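Here come two complexes built around subunit A, the first alongside subunit B, the second alongside subunit C.
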Partner chain A sequence: MSNPATRVNPVVRPATGLIPSRVPGSGGGFFRSRAVQIIGLALIFVLGLALPYLGANSFTISLTSTILIAAILASSVNFLVGEGGMASLGHGAIAGAAAYGAGFASKQGWDVGMQVLLALGITLVVSFVYGILSMRTSGIYFLMVTLAVGMLIFGLASKYSTVTNGDTGIANIARPDFLGEYWQYYYFVFAMFVVATAILWLVTRSPFGASLRGIRDSESRMRSLGYSVPWYKVGAFMISGFIAGLAGLLAVWHTHFVSPTSAGVERSIFAIVMVILGGVGTLLGPLIGAAIVVLIENVLSSYVDRWQLVLGLVFILVILFLRAGVAGGIAKLVRRIRGRTTSPSGGGSPPPGVEPASNSNHTTARKETA
Partner chain B sequence: MMSTKMSARGRWAAIAGLGVATALSLAACAPPGASTGEPTTAPTEDPGKATGTLKVGFLSPTSGNFAVAGQEMLDGWNLYWEENGNEVGGVTIETIAEDDAGNPETALTKAHKLVEQDGVDIIVGPLIASTASAVAQYTSGLGIPNLHPVAASNDMTQQNWNEFTVRTGSMAGTQSTYPGGVWAAEQGNKTAVTLCHDYSFGWESCAGFVQGFVDNGGEIVQQIWAPNTTTDWAGYASQVQAALASGVDMVFVATAGGAPGPGFLTAYLDAGGDLDPLLLNCCAADQGTLRAMGDRIIGLKSVSYWAEGRDAPATQEFVEATIAKLGIVPGAYIAGGYMTASLVAKVIEEQGLLVGSDLVDAITSFTFPDSIFGEVTWDDFNNTIMPVYIREVEKGADGLLYNVPIAEFPAVDQWLGKGAPADVRAIVPYDQTNQGL
Partner chain C sequence: MFTPVFIGQQLLNGLSFGATLFLLASGLTLVFGLMRIVNMAHGAFYMLGGYLGIVVSALSGNLLVGLIAAIAVVGVLAFFVEFVLLRFVRGQELPEVLLTIGVSFVVADICLWIFGGDPQQLPAAVRPQGAFTIGDFTYPWYGVFIIGVAILVGVALVIVQAKTRVGAIVRAGVDDREMISAMGVNIRWVFTGMFIVGAALAAIAGTIGAGRTPILQGVQNEVLLYALVVIIIGGLGSIAGAAVGSIAIGLIDVFAKTWIPEFAYFTVFLPMALVLVIRPQGLFGKAA
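On to the complex of A and B.
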């Protein structure tokens, strides 16, 4: 009687991925699935390191840098949506603000250290303002507040032309000398991607991350438990904003250029699209989503005039058939294959994650016993 | 169970830490290996020179908000080669067109692709100020000529000018409207109101008119700014009419191409406005506007470097070819593309295949006496010096509407009658408050 009940997953997460932030279930399946994940991660890691030696030309390398930078921005959005349940339409503007910080320093003829300092300072201030303004909102209101602040930053970038050069933008922003070559910069971006992903993963696994998920699932419960919900949200926004600012600085060092488009709402929307395509709340979802969007925008568009239509269709198909995104879909596939091979041998423990089939089995079983 | 979880987590952390450490150490070791390896030698010099091929990368926004203008500038470029063949004096012109979607980051990525993967010799385009600025800094760093058929931002040939970026088929924003102010003042107008888009292009276009008008004794009573996302122009039309009713002599309107021109004119005419006191810029009265508005705007005056109704053989030949091929009378965007193509053809015909700074020098020292714009030369900052026309909409014998020149200002340069400043890098960009007065 009690046995099947304990097997039922208490929380049904809408999305799990290659590395679910919380591992439901336990037992032998746990470590084996982890092994699959570690092999997957290691493969991507080695591929990333080896890419410049695989005969890729400078364009391919710099395009990969673009993907990684977009993935860092998407990761910052993914952290807020996946852990905090807060979908932001303002992260493009945070990245843009950081980029303008570096751009302004460069325009004044200051050195790279000042660029980093100014970018960091502006990022923290802007993230704090975002956090303060949105700390007591959630859902659609959170979306609107972040959109509004984003538009404000875009407006400043476009109109305050004595500082920002208006729509023409700031060009010739230099990056540190030791990152001058495109492949040096690629490795730097790659390392930053690994670091950013690790930071977000660690935060996700920390008590702070658990509290965030608690807030996501039930704000009122967390409040009644004595948690200061708004300040947790501000904290989450600051962390996420810091990563977004990092993406902005990396982008401006990559292109040597910043214009209001960099802070535009389109960039924020693309970040959300990347997260949804890749899989909300997954570790590598942002990278997969970023790769899809950047490749469609920059490579497919050379061959297909209506590339935006293709992007839209891919988005709709993913929403319809892969609710958990591409990463979630892959994880599900892996589980299904593993489930098939292990099921004859008893199947004492269900594979980690949510499997609709096994879930419904449990509920019907429960109904029968009741 | 608790203990297995803990140990799993510990193992995980150890693996993750190890991974990051490996990454960093590997990345640190990578540079010396990579510097002797393949990647750095990958950007190769184009092999096409020997066979006499000029590889052209054409960047324009053929999707997104600026798709119509971007497509037209590409159409103009292609039209020339279709009409005249893409072989000039033994040199084959090969064009690879890319869509930049009006986004600077995409434009830059596409420029990288064109140069590093396709090995183009020159880049033509893009259109928008920000995309142009992003691409120019990249191409100039590599010594690749960058020709601009349409881009109008001042700074391209002023504050941020470089040796390799050339305006070939258009003018700086202020340069093209300054004669409009001069002409309006000469017509006896004493006071004027301006209505311009509230971003760089609008600020620059307005600044040109304002300076031309004030320099010749006029007075600017009011400057109205419309956001570049404006779609409902009724409020602005009524502001303009209120100003005219209060005794202001004329109104200058400068918008970007596309929907704003017809949007404003429709609102203005529907409210009973009169065309006579209006003077528009190039793009508010471009062919797209003429096609959209029809006979209602016969008699509308505007100021531009492009006048499709100009009675010159080169211009008329081009207009007829465009009507035959594309079914429309060409506006400034098609003209810019065509002009750039004809310029490249003329220079190559005269001097053979050139690339890099040789090509730029050949273009900027060239005098193009019978271009579709009239006589064109280039200044020290790679900007065009060419005529500006005051135009009036007339119906041609074929029933189509044309902007026909009624006054001509020959050889207009970008310094608004004041000569080049001592330090062009120090020029402060125009905005709402700084109109150069």
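On to the complex of A and C.
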């Protein structure tokens, strides 16, 4: 990487000041944060499996399911913003569309197989539309397009009442018989969370993921390398949208109910709030963020009336002082304890162009073209 | 449903809704044009302005007093948001947007705390009352009043921007921040001032609009989305664009809600999606 051009032209990071300089699997010293990640993952895995045996009651289990479902949705947003630099305010609506797919099938009296098929089919179509409409935008404009498409879906859900029952929503949506008990469903959701996380992790580690990071760091450079940037974005959106749709299906099976609120802009905002709180681009961030938001929304709200105020303040403080989110903050802390303060991480806008992260991204990207 | 009288009334309904939208969207678009911030708290400013306008004008019996109170309080809040919070994240697109989302949460919840959850409307006593009649055609004066205020504000904005020194500084700031700073203008204060002006416009829209549609929880997101649609269609940063976009969306929305209620939102957001795809900079915007 002694190519002078790389040094002279600083890599412009469009769209965000949120992406941590260290992406998983790149840059010096990643092993340590990886070790932390693995330990964290193993802990969560064991804890997740053991939870029903730890004397947790049905409320706690059910709440944990809610957290996991929210975490799946947040992971889908996290993938897009962390790897692709695309902050979406429309993922809540994708999940909502999937939920409506299942709801419509259930309303017609079709069986569970049709629910799944319709939910995931609608998800793919909707994600494709999102992708096509947003593929030539980035930054704020991407945010706006996703917001607009999200509102379209919300509008249909709320007004197209012959199909969606309007503001009443669709109730009594049954989940498969073998998942009837709350703990059975919990394990199912847990498994789905693991699968979704694994899928996103694999995609992140793949050449496709590397190209995506290349696009995030310098769209023009990737274009001049011969990448069809818009279609990479569509692809990324499809993957992310599919995971979001999965979250929507799980949510509707969890609550047996879907209404326009499930597709509303607040859901999308909450999803991105979770991502930021947890830490953009981290593996465990979405889970941490989802836990914080869901707990504030469901538990704190029964003690304090002003839970939204608390959520807003927490959010503002995280953006101001903990830009890398909770997970990023922990990783930073661990590194500091280990005396590893060589490379700054997770700060607002790291000095561009001199990062091991961005350079190694390009190396990977080039390998792939060769 | 298709009589001339009905269509005429709907036309005026659309225009008066468009006028409210213009008051709201012009603030949003001015702030974006200069500072490159999409202020997601703009809807919350509208809501807070609306509540304050309602309460104060009900207490004082005077709409103007309510309006001034709304502008003052929202202006101070905007000063705080810009001066204390946004400076931390200056120049970072996404954190800026997300920060204003956080502000919106907080402001909306404080409004719920203080003003409660019931829908509130501007008391009839402080509004211009009655209706005018031409043959079969009657229309409340208040709708006309809203249109008048919007025209007044719009003309004032255009004159200030085109003819005054402050306007020249702002225009220069839009075109080239570094250059205007190099010429000795403290662009930070221009930013702060513009953010306050934008918020004040939202407060005006809230107070005036509260006579048309009630203020309640959730309205902040709805009006924000309408305003976003308007400025995206019109072109971010352009007052003329905001005017055209407001009128178009106001009319489309009102007529769509009467004729094809099932697709009411669709008719508003579809044009926006199309504009974003075909002409991302908006009808009157400059290429980014």
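Everything below uses one rule, namely that the second predicted complex is superposed on the first by the 303 of 370 C-alpha atoms of A that agree within 3 Å, B and C clash if a C-alpha of one lies under 4 Å from a C-alpha of the other, contacts with A are read in each partner's own complex, and residues count from 1 in each chain.
Convention: contacts are C-beta pairs under 8 Å (C-beta built on N, C-alpha and C of every residue); 3 or more make two chains touch, one makes a residue touch a chain.
Computed from a prediction, not measured in an experiment: that's the story for all the values here.
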- request: With the two complexes overlaid on their shared chain, look at subunit A and say whether subunit B and subunit C clash or fit.
  value: clash
- line: Partner touching more residues of subunit A, subunit B vs subunit C, is chain B
- prompt: Of the partners subunit B and subunit C, which touch A:Q108 in the superposed model: first, second, both, neither?
  reply: neither
Query: Touch check for A:E297: first (subunit B), second (subunit C), both, or neither?
result: first
Query: If you stack the two complexes on chain A, which partner ends up touching A:L320: first (subunit B), second (subunit C), both, or neither?
result: second
Message: Which partner chains sit in contact with A:S228 here, subunit B, subunit C, both or neither? Use first/second/both/neither.
response: neither
Query: Does subunit B (first) or subunit C (second) touch A:S158, or do both, or does neither?
result: both
- request: Identify the partner contact of A:Q308: answer first if only subunit B is touched, second if only subunit C is, both if each is, neither if none is.
  value: both
Query: Looking at the overlay, does A:T137 come into contact with subunit B only (first), subunit C only (second), both, or neither?
result: second
Query: If the two structures are placed on top of each other, which part of subunit C overlaps subunit B: 25-33, 133-141 or 223-231?
result: 133-141
Query: In the superposed arrangement, what residues of subunit A touch both subunit B and subunit C?
result: 158-159, 161-162, 266, 305-306, 308
- line: The answer for subunit B against subunit A in the complex is residues 1, 4-5, 8-9, 12, 15-16, 19-20, 23-24, 26-27, 30-31, 33-35, 37-40, 42-43, 62-63, 98-99, 101, 103-106, 108-110, 112-113, 116-117, 128-130, 133-134, 136-138, 153, 155, 160, 198-201, 203, 428-431
- line: Interface with subunit B, subunit A side, in the complex: residues 26, 30-31, 34, 38, 41-42, 45, 49, 52-53, 55-59, 61-63, 66, 158-159, 161-162, 165-169, 171-172, 181-184, 187-188, 190-191, 194-195, 198, 201, 205, 251, 255-257, 259-262, 266, 297-298, 301-302, 305-308
Field: Complex contacts: residues of subunit A adjacent to subunit C
entry: 15-18, 87, 133, 136-137, 139-141, 143-145, 147-149, 151-152, 154-156, 158-162, 265-266, 269, 272-273, 276, 305-306, 308-309, 311-313, 315-316, 319-320, 323, 348-349
Statement: In their shared complex, subunit A is touched by residues of subunit C numbered 36, 38, 85, 88-89, 91-95, 97-99, 101-106, 108-110, 112-113, 221, 225, 228-229, 232, 261-266, 268-270, 272-273, 276-277, 280, 288
